[in-house]
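The structures come next, written out as structure tokens.
In the two complexes that follow, chain A is the common piece, with chain B as its partner first and chain C second.
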Partner chain A sequence: MKEFKPLPDLPAPISTTGPIGWLKNNLFSSALNILASILILAALIATLPGMIDWLFISANWSGTTQADCVKDGACWVFIRAWSQQIFYGSYPDSELWRVNLCLILLTGVIALSFTLPARIRNQISVPAFLVLPFVCVLFLDGSYIGLKQVTTNLWGGFSLNILLAAASIIIAFPFGFLWALGRRSDMPFARSVSVTCIEFFRGTPILALFFMGSVMLPLFFPAEVSVDKLLRVWIILILFMSAYMAEVFRSGFQAIPSGQYEAADSLGLGYWQKTLLIIFPQVIKVSMPNILATFVMVFKNTVFLLVIAVPEMLQVIMTALSNSNWLGGHAIEGYLFVGFIFWICCFSMSLLATSIEKKLDTSHKN
Partner chain B sequence: MFSKKTAEQLKFETRPNRVGAKYFYNNPKYRGWIYQTILLLFLAGFFYSIVSNTLANMSAQGIKSGFSFLDSSAGFDVLMSLLPFQTTDSYSKIFLIGILNTILVSVIGIIFSTILGFIFGIAYFSRNWLIKKIAVIYVEIFRNIPVILQVIFWYSVFNTLPIARESINLGDAIYLNVTGLYLPKLVGESGSGFVYSAIVVAIVCVFMLKRWAKNRQALTGAQFPLGWASLGLLTCLPLLALLLSGMPFHFDYPALKGFNFKGGITVIPELISLAVALSVYTGAFIAEAVRAGIQSVPQGQTEAARSIGLKESKIMSLIIVPQAMRVITPMLNSEYQSLVKNTTIATAIGYPELFTVFAGSALNQVGQAVEIMFMTLAIYFVINMFISFVMNHFNKRSELSSR
Partner chain C sequence: MSADNQAIKKTNDKEIIVIKDLNKWYGNFHVLKDINLTVKKGERIVVCGPSGSGKSTMIRCINRLEEFQRGSLTVNGVEMIDDVKNIEAIRREVGMVFQHFNLFPHLSILDNLTLGPIWVQKKSKAEAEAIAMNYLERVKIPDQALKFPGQLSGGQQQRVAIARSLCMSPEIMLFDEPTSALDPEMIKEVLDVMVELAEEGMTMLCVTHEMGFAKKVADRVIFMDGGEIVEQNTPHEFFDKPETDRLQLFLSQILQH
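Coming up: the complex of A and B.
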């Protein structure tokens, strides 16, 4: 008996596979799509080469002064010459290691919280996070631990943006958690106080808050106490972030199944044991994407500080632009650079948030 | 019959008081009161010290209190005003001008950000690879750059435009140069009221037509070409009125006189930069909201719509978007509110909105920080409450159809 042998499969038609098929499906699938693709391609061809040329090819990369910017393209020498101020502000040269140390500590604590085994993660990383801002302040200021004092008007640049945002959101954690607990508590007075705080700080423009910090907060303290400007900014940022974190935690609380509360009750745990040991770890886990989004928001908001003349990154660029050695329009380069740096940071954080969200999402939609 | 209390509250109330507890503070009910008393005492002390410190500091610095400063003359000029303004006008006038400018830029921002957001949010689902990628790139770039940097960037781009004599000229009617955008202004002569009333009548007719067509479709199933009919009504009626009344309109064209343009409508560069930055920034967030909303509609809805024979173009507008609006509207609400709050970045480029002229210039001169900040913040709260009210109304309407 003859064995049945199927004919070998024919390859798919050339027009449906490979680059041609891809082009046909994704760019030229209908008359309207063909028109749109051609228009977009034409616009790209018209603009992209010029932009790439200005940004990279005929840009000026090496040199130290404005005179080195001889070619038509972007003058990246400007960024290069001011790079130390852009990153560290006016922090003295010999003391820069302190800023670096703070940034390393911050990275270290974050890395620690990801790598520690789950059994001891919260017990170690929560205190480490909470202590970190104060350690950083001690090191950056220096006068309390026997180093040369560096007054806060010298702190600045991109490191200030990072450290201020991180220090604010860390301290805002416990406050936000308390406000969120207050908002869902049974005590009427505590609840209304929490709701008022949350709604006030969420409803007020952050710039108005910064402004209040610089014109109104000094009035609130006794005349003989003078509160440092950066400290006032920090207080304002903490209150602002606490309100947003409270809302993040509130949605986290709502995501915890009520069985968890009931199980904790039936074990005989008290309120704080239940909240801190059972609910809090789960809230942190489900709120992680929102916490990251909130951090991105506060990080972007630190740029608003230029309005009250705190020397954060953009403020440094604007000071550099008005420097008499660099007059003559490097504004576009400066702003593009700041935008690029912020974009890198915020975009990577939002990617991280999305990936965590995907990992947590175990539902079967669609 | 059913209590509106949450399960937590019910549980709390029905839980037996721990009569057997050793001390009274082991009873959660009493303990709650103790906590709240401590909180009340703390807050009372806090506010007492703040108020007394503030009063002492203000009297020491010679700052007056009260709202009498509102009637005194401001003595500074504002860059742009929707009302006639002189430097001798009072601070209350400045306050009003600031509010109007804030509302103007908010309305422009809300309109354009919504348009941008919906275009790019829907473009994300395009079958054209290039369009889809452009939507993604737009959202990811503009959402991740601080809005204040964007407004400063657009403002500095505006500064690279040519001077007045070399303005960019569009048909001898629209001019664009470094000092702003100049548009022709439509001026109504006597008899123009007839045309305006024709427009109002046309709008009323469209609404009545819409109700009639909806009723007819519900009764008979017959569809009425509503779009074309209302387009015809909206163009023909005013046009007819225009012809009958003998064209009572003329354009006031901007013209170069001396160093700059006179006549027409002048849009200052600050307003344009701020409106562009706010629309583009908020538009990126709205696009993300629209995308999330559309994705939240189950795939089965599209398949069901196809299986009953709806056209592809009708599936989006009749099936997907109305359902997606339930997810989109609450997000739009918060985006609009944050847009209004973000108008305060105008202070970085000097557009004279409420925060810049009142909490900035006026505060600098008067020094009464408490009163001025209170008035300024109150306005932002009122505007945001209004937005929230309107959006909740929309939300209710889109929710009604849900199960």
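Coming up: the complex of A and C.
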């Protein structure tokens, strides 16, 4: 009998791999592509040197007052002089450690969920995440744990953007999940409540919700009841975010093949076991890009709080711009800085989400 | 020896599935018409028929993956009524293997197998893993325990799916076209496992077009068409002396190539 011998693998042609192949495929593959590449290159040559010069070379880096900005470039002294307010708002100097502690706790809990072994990850990270917002509130306020009280009107700056967004996202996660389950439920009551909530909060602009929460809601309460403004904002963010998360989860639920439900049913798993052990982990996996998009959206939406005078980062910058010692146009530096900081954070979240996606991917498709 | 046979004979008399006048509609479409079927403990039944004949729907009624509108169904002495506790009690007794395996892709093979014993039967993790490894050995893939379903071939995945059902030590196993989604080279390894299971005396209901399997292990072959059981008989009679022209036509079509 003749023996079958497979042919050996040959290396791919040089023109399709390596840097030359890359250039050819990505920048110069067609006439239109060549034209676009040249135009973009020309635009970069025309603008980049001026930009770099303004941003870095002739920028003013050192000093403490506006008078130190003598060179033509950007006046980064402005950012430096206001840095504490930009990051911490009006939180008292002596108590800043509390804000830092909260940020460290947040980072710690996130790091924990990445480093813990899979066996105990969920049992520890989930409660840690859910408790975190309340621990932060206790520390930031202080009065309940024997520290000096810092009222919420002093909280502010970028730390407020971060913590408020994180606290909203964390609480909105289970809410959104429940709403999504409710919307898919066979029970008419659960379904109609969920649909109403989701459609109301998704169909209303966040700015309108903020105004409603800060201006209208107090009118409905009796005069002696006053709910803290930041608390109202937090609740609004949670509800708004929950509605979006619910729809994200719902699309995830719909991506799970019915065979998964049937297999879980045929094993005799109950509704919650099936939902939490089989369906939810897969929903999280397919929804990861959308979950991230929603996170980023809410994080950026915290900037809108300036319309109801919550001193978040952009509000602090605008206050600084109208300060009599700094009149005369540092708006570009201020806004660029805000944009840059948000971009850094959102981009890191994006990287984080990509790594989570990779971690969750057990499909082993090519 | 004769005492053993006596014991088997006794259990064989126990009616483990009793289906009486079962009717089911999808909207206005009448999928199952007056199905009557009694399965004894240890019996191996193969169900065949053209697509759309209601054979999958019928066996999916047995563990309530499908509801029915009229008639009655009793599994292992428990009557199927519209009650969660009741349904879950029946599902614990009935294992099911699907055409598309339906393994849980986010769990390792071992976790796929231990999930039921741990969460439904409340066994300890160690005990569940011992059971799982035992069944993985029986389907001859213990070395794949820590891999994920996506890393296995179709045949291996289906064997894992069979092992997953067996881990719950069911009284009855339902197979819904277990080899239809497999490459030709992998059908045999799955059928071998099923033959072994049949030889051990498991009660099996199997929707399949593997006529070789039916001839080899089935006690009874059932032919369905248009939502009815048209004919049922021992494999020998079924294939050699079909009573209806409909079955004759069906057999001539599937056996010709």
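Everything below uses one rule, namely that the second predicted complex is superposed on the first by the 299 of 366 C-alpha atoms of A that agree within 3 Å, B and C clash if a C-alpha of one lies under 4 Å from a C-alpha of the other, contacts with A are read in each partner's own complex, and residues count from 1 in each chain.
Everything that follows uses one rule, which is that a residue touches a chain if its C-beta (ideal position, glycine included) is under 8 Å from a C-beta of that chain, and two chains touch if they have at least 3 such contacts.
This one's a predicted model, so the numbers in the text were calculated from it and none came from an experiment.
Participant: Applying the touch criterion given at the start, work out whether A:Trp343 contacts chain B, chain C, both or neither, answering first, second, both or neither.
Facilitator: first
Participant: Once chain A of both complexes is superposed, is A:Lys285 in touch with chain B (first), chain C (second), both, or neither?
Facilitator: A:Lys285 sits against chain C, while chain B stays out of touch.
Participant: Under the stated touch criterion, which partner chain does A:Ile57 make contact with: chain B (first), chain C (second), both, or neither?
Facilitator: Neither chain B nor chain C is touched by A:Ile57.
Participant: Thinking of the overlay built on chain A, is A:Ile206 touched by chain B (first), by chain C (second), by both, or by neither?
Facilitator: Touch partner of A:Ile206: chain B, not chain C.
Participant: For A:Ala255, select first, second, both or neither according to whether it touches chain B, chain C, the two together, or no partner.
Facilitator: Once the two structures are laid over each other on A, A:Ala255 reaches no partner at all.
Participant: In the superposed model, which partner reaches more residues of chain A, chain B or chain C?
Facilitator: So, of the two partners, B touches more residues of chain A.
Participant: Name the contact category of A:Val296: first (chain B only), second (chain C only), both, or neither.
Facilitator: The answer is first: A:Val296 touches chain B but not chain C.
Participant: Which partner does A:Leu267 reach: the first (chain B), the second (chain C), both, or neither?
Facilitator: second
Participant: Where on chain A do chain B and chain C both make contact?
Facilitator: On chain A, the residues that contact chain B in one structure and chain C in the other are 271, 365.
Participant: For chain A, which residues are in contact with chain C within the complex?
Facilitator: On the chain A side, the touching residues are 257, 259-260, 262-271, 273, 277-278, 281-282, 285, 360, 362-365.
Participant: Quick one: which bits of chain B touch chain A in the complex? Just the residue numbers, please.
Facilitator: The touching residues are 7-9, 12, 28, 32-33, 35-36, 39-40, 43, 50, 53-54, 56-58, 60, 127-131, 134, 140-141, 143-150, 152-153, 156-157, 159-160, 298-300, 337, 341-345, 347-348, 355, 359, 363, 369-370, 373, 376-377, 380-381, 384.
Participant: Considering only the defined contacts, which chain A positions touch chain B in the complex?
Facilitator: Checking each residue of chain A against chain B gives 25-27, 29, 33, 36-37, 40-41, 184, 186-190, 193, 203-208, 211-212, 215-216, 218-223, 258, 261, 271, 296, 300-301, 303-304, 306-307, 314, 318, 329, 331-332, 335-336, 338-339, 342-343, 346-347, 350, 365-366.
Participant: If you look only at chain C, which of its residues touch chain A in the complex?
Facilitator: 63-65, 84, 88, 91-92, 94-96, 98, 100, 102-106, 115-116, 119-120, 148-151, 161, 164-165, 168
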